[in-house]
Amino acid sequence: AEPITLRYLSTATNQAPAIADQAFKDIGVKIQYVSVDTDDVTKRIITQPNSFDLVDTEYFSLKKLVPSGNLMGMDARKIKLVDKLATVITKGEVDGKKIGDQGTAPKKVFYLEGQHSKKFAAEPTEWITLIPTTYNADTLGIRPDLIKRPISSWSELLNPEFKGKAAILNIPSIGIMDAAMVVEATGKHKYADKGNMTKDEIDLTMATLIEAKKAGQFRAFWSDFNESVNLMASGETVIQSMWSPAVTAVRLKGIPCTFQPLKEGYRAWASGFALPKTLKGKQLDAAYEFINWFLSGWAGAYLNRQGYYSAVLETAKEHMEPYEWAYWMEGKPAEKDIHGPDGGLLEKAGATRDGGSYAERMGAVACWNAVMDENEYMVRKWNEFIAA
Amino acid sequence: MPETAATAGKAKGLIEFVAVSKSYGHAIAVDAINLKIPAATYCCLLGPSGCGKTTSLRMLAGHEIATSGDILLDNVNVTGLPPAKRGTAMMFQNYALFPHLSVAENVAFSLKMKGVAKAERLEKARRMLKLVELEPYADRLPAQLSGGQQQRVALARALITEPHALLLDEPLSALDPFLRLRVRGELKRLQKSLAISFVHVTHSQDEALALADLVVLMNAGRIEQQGTAADVFSRPRTAFVARFVGSHNVIDLGDRAVAVRTDRVSLVHGDTDGASSRQATVTGIEFAGNGFSVQLADDRGGEMSALVPEPAFHAQPYQEGERATISWAPSDAHVLEGGAN
Amino acid sequence: MREGRSLTFVVLTAIFALYVLFLYGPTITILILSFQGPDGGLTFPMNGVSLHWFSNLFQGIGVAYVGDAFLRSLELGLLVAFLTVVISVMAGLAFRRRFRGANILFYTAIASLILPSIIVSLGIALEFRIVDDAIKALGDNYGIEWIQDNFQTLVGVFTSGLGAHLTWTLPFGLLIMFAVFNRFNPSYEEAARDLGATPWQTFRHVVLPIIAPSLVGVALFGFTLSWDEIARTSQAIGAENTLPLQLEGMTTTVTTPVIYALGTVTTAISMAVILGAIAILILVQRHRARRGSDAGKGLV
Amino acid sequence: MAASTATATATLPATAPAGAPPSVRSRWAPYWQAAPLTAVFLVFFILPLLATFIVSFWNYTEYSIEPDFKIQNYIDVFDKCVSGLPDLCTTFKTYISTLKFCLIVWLSTLVLGFTVSYYIAFEIRRPTTRLILALVCTIPFWTSNVIRMISWIPLLGRNGLINQMLIGLGIVRDPQDWLLYSDFSVILAFVHLNTVFMIVPIVNSMSRIDRSLIEAAYDVGATGWQTLTNVVIPLCKTGIAIGSIFVITVVMGDFITIGLMGGQQIASIGKTINVEISYLQFPIAAANAIILLAVVMMIIAAMVRFVDIRKEL
Amino acid sequence: MPETAATAGKAKGLIEFVAVSKSYGHAIAVDAINLKIPAATYCCLLGPSGCGKTTSLRMLAGHEIATSGDILLDNVNVTGLPPAKRGTAMMFQNYALFPHLSVAENVAFSLKMKGVAKAERLEKARRMLKLVELEPYADRLPAQLSGGQQQRVALARALITEPHALLLDEPLSALDPFLRLRVRGELKRLQKSLAISFVHVTHSQDEALALADLVVLMNAGRIEQQGTAADVFSRPRTAFVARFVGSHNVIDLGDRAVAVRTDRVSLVHGDTDGASSRQATVTGIEFAGNGFSVQLADDRGGEMSALVPEPAFHAQPYQEGERATISWAPSDAHVLEGGAN
């Protein structure tokens, strides 16, 4: 029979051909990637919900996506490992300890009241918004060779010392949170929720950004994984907010780069699978089958080796060598050389991971990527920032 | 002259314009002309720019629809017929040869349009090209031919439709002076051998003189005079014709105006009295090939001109500014209709 | 103007040479960098010389389906070229005569050319969105199941995308046809009619062959404009990207010289298309010329 | 030079009536012939424009747009534009930034494009050479714009070829930051991408100038410069206008070049619209588009007052 | 003739070509010509297409640089001077009026270039326009003028520079026949009143005949003959000239070739013997205004033609195909250099 093809919408960084190949080998489902940038994933879900069969999007977008009614609640009963999903996502806990939940923490938007409900449920239900795929905690990436001194606070991002050599994300809702981390670090203001600012807080934060921009602090704003890699690797920037694997990618080019743990903590994010409301029949079955496969370990191990974290840690562990697990998850020095999922050498034996273990990293999360209630106002202020 | 050919049994091309008019909006291009061209006649349309020559020709060809009146060709009323149904064929000023088709294909074009098979139509085209002595050029493109050769291709293309009348709009104006002479001889010969009518629009009097059995001189949408070349050139009906054909002095005699050819007046030095004469001052002298043309301002305010044969001129040359008397034999003067204007 | 190789000439030649250098600098950079060694990066210096990135490219570079986008753009480009020719020629013929609305249509075409592309693109997106919503509302209100279950959108490469491209290529096509017909001698058509051709025959056997070279030009123009169009497509494309949009996405996601290899390949292909078209034109002309050359040596 | 005289006469504007077709033919032909063009423009241009106009008065949320009639979108666009004076509001700042690029790019492409066109049209005598040089100017046009743009990065970056060269030659000591992610790099890329839009219409205009006009000017004593200003420039006004319109509209609506070459930190009205669209704020994007349309139309109307563009056809 | 004007004190425009050549690559357009045009002369350059007329004129104007040789104007060697410094002014074939400037601005252009103030230059232009009777049209654009009017604007624009020599390249070819006659009269008058030289390139013999004090006939880059119009037209030096000017029979007498004007031969019916005669067959008859031109194929294989005056022709008309004898007085035959080819 014709293999079923699923159109998989997400950003390009979420699309590893190896995962698609393996899935086809294991379950005979063909994955066809549709790659667009972060904002466009959201836009497509809302404006063209027919253009994909499966989407990998971020939890913070759900505030926009769910009211559109274009996605269906995922039937928890059909997800075999639903009980094993990382508690960081489902409950906001690491090893039973509560972590920061400012912003759109996944637990706040994890359940729906009904399959086609447009409301989030406060208590667990059997309708899940997104089945997590990856998550991580972002911080600043730096070039230790060019900075030559310890960095320990988000406030360094706007330190005039790095004039013309700093960068932030070009995604307004995330960029403003980086700025909020800076504002708090300098003690200028303490936010009730950095992920849901009042208009005044937005004004204050943007004013800080504008001041920095006018002073020539920023080299460029980056929009996606590799752009951040390029900026850092080519020496255009020496300090910028970054993703963990991107730092690894810079190091892969033989250029020193650190994923710098900071005292104020991390800004976390998580993404997951959703299905369009209209998916049905064999396509729907195949989608569930693929998601179950995704959680069953091979893909998780793959993601973990990239430097992200996977949704079901137990199964991923089964697919990783113990020394790998120790390096990536436990923050231990590498016993052997560490290789990436494509086999390339990432770290020599003896290296330890920046920021330490899973528990240390995810335990230090301060806030989550978010969409604010005042989003519209924020976008307007962002345009003002760009025009400044 | 035309009668001889027309009376022959196979002669074709009897053309009649009956009160034919053409107006563009309010402007009248052709104004109720009546014209009968006998079969197998070489007819030249002459006249100043904008007088309606092209318009008349195009109405005959069917490329322009007459506003009123009828056009007949060999006793068929063709006024409403499309161009290809009329039995006319047109040769355009720039020949309008299809640049993408070979000479043979150009000539065979009308047969192709009729659906004649390829072999047959090319064979016919080849025969036609033989007639105009272009067989060896059958496979060339028009751009690879000289002007004169192009002209003959256009001719062949027109003639293959076996027209009763061939219409030519300034066919020679694009040729250089040498070629023009040669080609005009060929046109005349062809017309005679085909025994059809040619209607040929021209600006050039030489051309009309040399070719026409029938000269039709138009002015402002009307026919001013028609007749043999000798008729029109020697006996202009009106002052307009006399001036247009040139080589005529238009003399206002008060009650009437007459025309006298410049080679029929005689010129003497100084002021002399006499009937049929004018005292005048020499205003210019031009060599004219077969004599000297002496320009004069006559004392009554007219301009005149006399052609003095070379030997006579050399014997007693005229100088500018000198006084002279111009006179003519009353028999050489013929009366113009409508006075001197 | 008179004494040719004047100072002006020398200065202008220098300026022209610099301009060409400026123009080709990036293209050449891409070309060179696409031959980076396997360990080379996006910037100079060259780290060895290899075909690594080309082989990488042909193995499929994983991140995105460039091959699909490439074929899609090719198909779209050819379709746009074809429609541009057909529609422009028809309109060109129409504009040779007076007709009511001619002026409005002409100025609409001009407006379509000069309107910032982002607006056109947004407009098309909005229009399709409204139509989509209307169709869905229809489905919901009348319980038309097919619509409720299957209908998603009319937006797509070959609907809204095609339309967006046409708003860009047609004004050019039309302007070229104006120029062509301005120079077209109507006596060719009269001659054809005189020789018994019907209007269609006149067009088919006379007008079309004569204007054919210009039509190749229009087609090339249409293809190139479509092949490289981003701004107008950006909001009006459906689920599937065109090549330039895909490339734009890749500029932010690809960190290896494979993108330069891709640049080199796409340039080579567009050049091949264009040079091929020119070559065909030249061949046709040669062929025509040759037909006659042996016929008679004594050209009079 | 006699040859150039010959080509000049050959390229003179056709004096024949504009290809007037045979007069005897169906009156309806032009209508069906123009129908496809009309249909395309109606569906993909007029209606979208109308939709944009209508939607600019609609309401919107994060995830939907709703038919309405409110002018709030326009009020939002001009937020603080009057009350905030003398500080400029976002919209004014954005327009000033966009207009600044527009002006600089327009002037640069005009001067460069005119010079190159002049060289091709007047200094090159052989028609084949002329054709080849014109082709040379258009060939890079066939490489993807995006790729042509990003290929500036290895040249202009902090460690790029140019900086290495400047440092190597001892011209500067430290890498020059202003080469990339700056106004400079944006302008450079714009000029690089758009000069060809100036060259093509200007060369076209220039090649229609009868060469004997230039000779006539020299003949009555004009210098080269005088001939340029008194004869050549006035006679290729139309080409200049057409090229200018292209460049101006492209720059006014751009967000890709400014984004990529400006490190995403330079504002342009196109970028504003684009950001709004990505946040699904179609109505305010539409309002911005309508305002942009008005601004561009005003610029072009001003330009067209001096030149009859149809003349060129 | 020119001497009279040239000897007057203020006469200007003495032009000398000394061994002037021009080659384009390997092609020689003008081949070492020597020519002296006296001051205040109306000189016409005649010759077949491509013979080098335009090239010679443009070298004189300074729009083309001579490959070798010298050009002198009023005893100044102008070979290396720019056009505006030479004292020549050029009138271009299509007039080359600046289409964006009004008539007055066109005429005032050279003054503007010199920096003359606006009021002053427009005043001067107005006076110039008066001279060519175009004052009322001062504010029109060239496109709003008729061909003849445009021509006069071009003239005014050239003359305002007060040239010693005015150079005209086929100035009348774009005019219709009526206008051409009028304008050529004006040109001649103007040249006389300004007492400068005009060098006028033309294809038309009529024009040259009517205008020229000095006719220069070129062939293949060389001067074939120069002299007064009567000289060149009545006494062609070579067979080429005889054929080019027409109205001549070139007769090969074996040891030498002679030319006899077609109006100096006499034609009789039937075969008759005699010295200086040829038996021939009539091949065509054309009316020629002042008589009938009878075309003949002579029995020795040549083509001849005789102009038979109208009365004589009407008395005893010739028919095509009929035999006739053509004869000439030896005094009317003059020997051609270089034989019959």
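Here the chain labels run A, B, C, D and E in written order, and each chain numbers its own residues starting at 1.
Here, a contact is a pair of C-beta atoms (placed from the backbone, for glycine too) under 8 Å apart; a residue touches a chain by one contact, two chains touch by 3 or more.
These numbers come from a predicted model, not from an experiment.
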Worksheet item: Among the remaining chains, which ones contact both chain B and chain D?
Response: C, E
Worksheet, complete the sentence: So the chain most remote from chain B by C-alpha centre is A
Item to complete: Select the chain at the greatest separation from chain E, using centres from the mean of Cα atoms.
Response: A
Response to the item:
Leading the contact tally is the pair C-D
Worksheet item: How many angstrom between the C-alpha centroids of chain D and chain A?
Response: 40
Fill in: Geometric centre distance via CA averages, chain E-chain C, whole Å
54
Practice prompt. Calculate how many whole Å lie between the centre of chain D and the centre of chain E, each centre taken as the average of the chain's C-alpha atoms.
Written response: 52
Item to complete: Among the residues of chain C, pick out those that touch two or more other chains and give their numbers.
Response: 1-2, 42-43, 125, 129, 185, 190, 193, 251
Discussion item. Counting only residues that touch at least two other chains, what does the list for chain A look like?
Written reply: 47, 222-223, 234
Practice prompt. Any chance you could list the residues of chain B touching two or more other chains?
Written response: 62-63, 82
Discussion item. Under the stated contact criterion, what part of chain C meets chain A in this complex?
Written reply: 41-43, 60, 62-65, 125, 129, 149-153, 155, 238-241, 249-255
Discussion item. So in the complex, the part of chain E that touches chain B is made up of which residues?
Written reply: 48-49, 176-178, 181, 185, 188, 203-205, 209-211, 228-230, 233-234, 247, 261, 263, 284, 286-290, 293, 295, 310
Worksheet, complete the sentence: Seen from chain A, its contact residues with chain C in the complex are 7, 9, 11-13, 15-17, 32-37, 44, 47-52, 222-227, 229-230, 233-234, 249, 253, 278, 280
Response to the item:
Within their complex, chain D touches chain C through residues 1, 14, 16, 18-22, 25-26, 29-31, 33-38, 40-41, 43-52, 55, 65, 112, 115-116, 118-120, 122-123, 125, 133, 136-137, 139-155, 157, 159-161, 164, 192, 195, 214-215, 218, 224, 227, 245-246, 249-250, 252-256, 260, 270, 273-274, 277, 282, 285-286, 289, 292-293, 296, 300, 309-310, 313
Discussion item. Considering only the defined contacts, which chain D positions touch chain E in the complex?
Written reply: 1-3, 9, 210, 212-213, 215-223, 226, 230-231, 234-235
